[in-house]
């Protein structure tokens, strides 16, 4: 049932990134409330909830993908929060983004690092600890 | 020393994907032999060899990035080989590529799955085993 | 219920592009059968089935998007079939792709036109009729 | 004659989005005045003025393309204005952008929706009316 | 006058890459003959014919751009021919494409080098001569 | 030796764009100091320092590439500074970016021109002098 997919997605989001979904829902409520539902149902209820890959790795591959897109810093920062909430270390996140210099080029990797720096500063996360 | 970076890269490549580097070197020998050297020195010697992220995760985030690029199926297949050689299961690779439907769109995710299917068939890899 | 979403998607696909979904399902059955289900459920059952935009326009904006991606000619050709099946004229499809020269650049627009040419030839579609 | 192409383009722009062209011309007058001329002559005089596709659909496929680019929010907002001026409803615009989640991924679709929200708020446009 | 723009474009193309325009015109004659005209008029008659940048540099920056797109190997090869016809050495072309590893990532640079290798082999061009 | 690569890169950067590397190093010192080193060693020490292409052309092809990426305005502006420092005229830079309308589409070319305008204004550079 669709309710289950939404519920599953919300449970995942509650654990991983509760604030970002609340903000998303609020931002979309006047313009496209169904889109917030699709995020919960499809992105998290269907995809992230699949077995076969742990939460930490799911967040790291998402960070790789969004760094490669290069134009979605809001979503990138939201998933850097998600990765930290999932138990990734700042260093692991930085390693993924540095590696993107090889696959997506230096400008996108640099912009990804700036976003990581903002999130780490905001959360007072330190590297190498 | 530069020799060390090359050596470190080659050692990594020998373990992870020896054939693909041999092919690359051969393909580039007439047109840009330095480029094969940069792949060994920079991509593998500098970046992949960094501590802070295990080999399996490095291959999975690369698969995410190249699926998102959408236009480099040769390199994608080479890293699917690399991920399998690093000990990733076919299922983990498939999970990463399916997840790209959310971040890079369905067409790129589908093309990534076709590339994975080709590699799995070639190596006689089975899902869920 | 999820069955309804799948059913709605399949009904849409039966009307618009039955062959391409059969091919997709066959191609994915060994590697990622869930992905074919997501195409039916999410792409067609959730999104294409939404009221508020007619089928013809949905196919034309998809053609614009995939031409802009530039790296998914199989999916582009599938949606050119879909657009024709939805009642778009060859001319309307060509107009969309030509217009992409302005937004995505000439190389991607040219490659889109080659794909359109292949589909029109295969179906014996003529322009301006 | 080139004058005709410019004139045709300007007439189109006067109808569809007069302010945005005035702003564009002003912005480019010191750095690349010819570029504003090419926008009028080529993009509007040559392409948008072609028969075979109505103005509304031209704006909707442009919105699909720019949402897929993902990095041109100024131009996206300008074409959301254009689409509304051409007679598209807010709902039709939202449908196009939501559909881009399937083809360009969720992050680009979300950023497209935020741009639409800004334009609708500025113009006091309401959905579903 | 439009005739002049077409004429100017054709003259440029005759000098730089006569075969590729003939092929293009032939390929588009059934599907979008106007598009070949726009290539001559706009791309070559308006843009390439502008003073302020020599032909060789125009071809090299185009090679950089198409390598960065990553999905238009036919057009890339056509401009590698154009660059050679304009007097660029094979080495200069290779330098531009190698440099794209930094800005567009290694996979796109590698695919650019393969295209260059095909063109050089076809024309029997040697590096370092 | 690696020291040489770094040294070579720094020498290049000192000549071409000393401020931007100082800023980069400062920005990355808490989050990924190695990344600044890779910029100096690989991007400048290995690639830009290669013989076979002059500095001016290297900056112009980089401007073409980053305009085509479309999402890295900070890096684009840094290389517009670099191009001017290398002796390119404002007009040559503008020509490259205008030409990107053909290969990357008008929205990315326009955004590139806005970045150029900002840099020229900041440096009080005039076109056509």
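Here the chain labels run A, B, C, D, E and F in written order, and each chain numbers its own residues starting at 1.
Everything that follows uses one rule, which is that a contact is a pair of C-beta atoms (placed from the backbone, for glycine too) under 8 Å apart; a residue touches a chain by one contact, two chains touch by 3 or more.
Here the structure is a predicted model, which means the values were calculated and not measured.
In terms of the stated touch criterion, the partners common to chain B and chain E are A, C, D, F, listed by label. Taking the mean of C-alpha positions as each chain's centre, the chain lying farthest from the centre of chain E is A. Counted by C-beta pairs in contact, the busier of C-E and C-F is C-E.
When every chain is reduced to the mean of its CA atoms, the largest separation from chain D belongs to B.
Per-chain Cα centroids separate chain B from chain D by 39 Å. Our note on geometry: chain B versus chain C, Cα centroid distance of 30 Å, whole angstroms. Once the centre of each chain is set as its mean CA position, chain A and chain B turn out to be 23 Å apart. Shared contact sites, meaning residues of chain E that touch two or more other chains, fall at 34, 38, 42-43, 50, 65-66, 69-71, 94, 98, 101-107. By the touch criterion stated above, chain D contacts chain C in their complex at residues 42-43, 47-48, 50, 52-53, 57-58, 60-69, 91-92, 94-96, 98-104. Contact residues on chain B toward chain D in their complex (touch as defined above): 101-107. Those residues of chain F that touch chain A in the complex are listed here as 24, 27-28, 30-32, 34-35, 38-39, 43, 65-66, 69-72, 74-75. Residues 1-2, 5, 34, 38, 42, 46, 50 of chain D touch chain E in their complex.
The residues of chain A lying in touch with chain F in their complex are 69-71, 94, 97-98, 101, 105-111, 113-114, 116-117, 120, 127.
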